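Pasting a structure below so you can have a look.
Labels A, B and C are assigned to the chains in the order they are written; within every chain, residues are numbered from 1.
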């Protein structure tokens, strides 16, 4: 379905995507990465909006740049939240369908159906300038789905949606996948993507670091120690105590008063820490756990790729 | 285990709900920070015996104890940002470079004139000079240095720099306010302790900065060049007022143009509309003036049409600023005004021009202030 | 077939979108400007208040000034509006491609400019009426407005595509340069759009005598040649614009690395 062969995209001296080789058969994929990791660049390469500086990109076996046959089979929902403020949602989606080659009447009918499926029927004749963010997002999705493409490429499609909206869109996407269509869904939020697809591509710093199923990602997460930041009056003493109890995978000092503890069992550490410190005179002034497991995941993957782990 | 802390209260506590509580500093009730007081009031809960934790991290607002910049200097922050942003425009930098080329031309004219004044009559009648600047032979040499320098400086302001000004301001000014409106940076500005005046002044200084780069600075440089190319330093005594006139002419150029450009920028969130408006003001004014003046050519007492064109109105004002006489102007320089379709700037009627420019500036400022405060009006 | 249909869709959409009081106000403002000037001339009397001088004044005001201002506003930013408004990604991923987008928006811009010019002509004719051979003058200037809009429109759209954010500045700069170049009595002026428009004016108004008196100001090429050149310019410049747009990678990033 999609193939990258040593594809690199440079913006001047800035690397957008770095030597990516991928082959994605028909299916649904979540593209996960932090902000600035190259997700949008990768998607723009897939849709032909960017040409790779090196290497090549193939979608449905062809170069997607300026290729109407490929573009006809794609549905794209970009991340940008901008639409024409002075035009109704129906008119806008119908216009985009006309650019697909549909006649005016057919375009309007399809547009209305697509908007209706996404819960936009009551508002589709209103000016888009009066839409909320969630409504704009649904309209964009409707525009991507209206021409019944074979492959859907969505960049942060759940941005701006309330929980009900997220659920509805997730259900739509699940239905989409059940029909055997292709999907590439980019996001920086793991659980959102997890609700839709079980296959992931993890991207960071312009490189695809890992790929696999949800279980494999969670296993990876589980294998990566959590880091806990502790500020105390006696960092050395605390470190000694933790080592004695065997509670830490690794320890490092951060300034004179802080200790960063990496542990695979943070729950145990939280529960037992007061007990361990009882009577030692060690005071804990601040205890902070980074809850960004995705950040930890990517940090760990980067370390592996750099050969530091 | 109920999760209560042991020996040292308030250090690490676990709330009654069993939640982990982190980051509490030891505090008595009277040592709570305002944020905590407020939240306690809202929740109507107070920790008892310092052991009932509140899930609040004490990372509240911390007052700045250093020295703040005085209010009067805050506009400069906006100006600096605007100047730096505009400087990134490669085409603006090229335009500025181009804007300095007339300095070479006018400087050369000053040099030739000074050489002629330095008792080298043969120089004026020499082949190269006679071919290139034949009109210089008509200048009376006695004590017209002040007038000729003033005339050359006026020429510099009136023709090349006024043209370049349109392009420089057309690149710098339109996005200054319109982009703030479009990107909603407006709201960020006015959520700070910033007055409208400071905001407007900050934006104006951006335009003034770039205008001074093409008017005041090169004008003063030309004066210095002229002094350096003179036979002796005593010329400064007879021409000491010219630098002041240069500054005054720069003010005449900068004040209304910046106000109008920013007013246009504030009227629309689309930069291109502001750019169009800016160019349309000059194009329509110029075209109107040309056609109406052509219509009155040859009339015995023609009506003046300077007022329909801002370009010509500013020219009239600058003419007065440099204290020029019409006869000398017509003789010293082969002005388009002296020899052809365009009539020469007249000894006129500076007051109507000054009033017109003042009114335009005030109206533009009023529009600008009104538009700047409109997002904050309910 | 689908390119034509897509172009028509873009044209219709852009025209519908532009309908509103703002556009109406702009059109009215631009269109009434020549009429106001001519009324002032009429009121003052003077050199131009002669029947043979009106067509020249009308030519300067309408096919030159009004058309150029209209194109500056409605054609130059055809791509800039989409890129700055971040709606470009939605349009560029459609199979019709960028060519219908360019042609449709160009056509819409030229349509509005010609409509404004014709309205300006109607208002101006009403001010200067009665005019010798008025209907013929109106036809000549109407046709010149169309040719001027098409040729300059293609040129300005090229500026807008090449210099995305500075297209308007370059368009104004080019206009000023062309204003000077057309006065040079050499081959170079035949490369300007102005030369061909003025040449057509002289030929269609039968101003051979005027031409002899004004000397180098007006050209002497045949009307067919002028029209062919202008249409050739239009097609060539649009072709170049389309080729550049096809190659350009216009990506509006929400965030940067």
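The rule is simple: a residue touches a chain if its C-beta (ideal position, glycine included) is under 8 Å from a C-beta of that chain, and two chains touch if they have at least 3 such contacts.
This structure is a prediction, so every number in the text was calculated from the model and none was measured.
Peer 1: Quick check for you: compute each chain's CA centroid and the global CA centroid, then name the chain with the smallest gap between them.
Peer 2: Nearest to the common C-alpha centre lies chain B.
Peer 1: Please indicate which chain is farthest from subunit C, where distance is taken between mean Cα coordinates of the chains.
Peer 2: Computed centres place A farthest from subunit C.
Peer 1: Report, in whole Å, the distance between the mean C-alpha point of subunit B and the mean C-alpha point of subunit C.
Peer 2: Centre separation, subunit B to subunit C: 32 Å.
Peer 1: Just curious, how far off is subunit C from subunit A if you go by their C-alpha centres, in Å?
Peer 2: The computed centroid separation for subunit A versus subunit C comes out at 47 Å.
Peer 1: As a quick test, compute the distance in whole Å between the mean CA positions of subunit A and subunit B.
Peer 2: The answer is 45 Å.
Peer 1: Would you tell me which residues of subunit C are touching subunit A in their complex?
Peer 2: Where subunit C meets subunit A, its residues are 2, 5-6, 9-10, 13, 16-17, 20, 85-87, 89-98, 100-101, 246, 249-257.
Peer 1: Which bits of subunit C are touching subunit B when the two form their complex?
Peer 2: Those residues of subunit C that touch subunit B are 33, 37, 40-41, 44, 46-49, 57, 60-61, 65, 68-69, 72-73, 76-77, 80-81, 84, 163, 166, 168-169, 172-173.
Peer 1: Which residues of subunit A touch subunit C once you look at their complex with the stated criterion?
Peer 2: Per the touch definition, subunit A meets subunit C at residues 14, 16, 35-38, 40, 44, 47-51, 66, 68-69, 71-72, 74, 76, 78-84, 86-87, 91, 95-96, 98-101, 103-104, 140, 143, 206.
Peer 1: Which bits of subunit B are touching subunit C when the two form their complex?
Peer 2: Subunit B residues touching subunit C: 89, 91, 167, 170-171, 270-273, 275-276, 279-280, 283-284, 287-288, 291-292, 294-299, 303.
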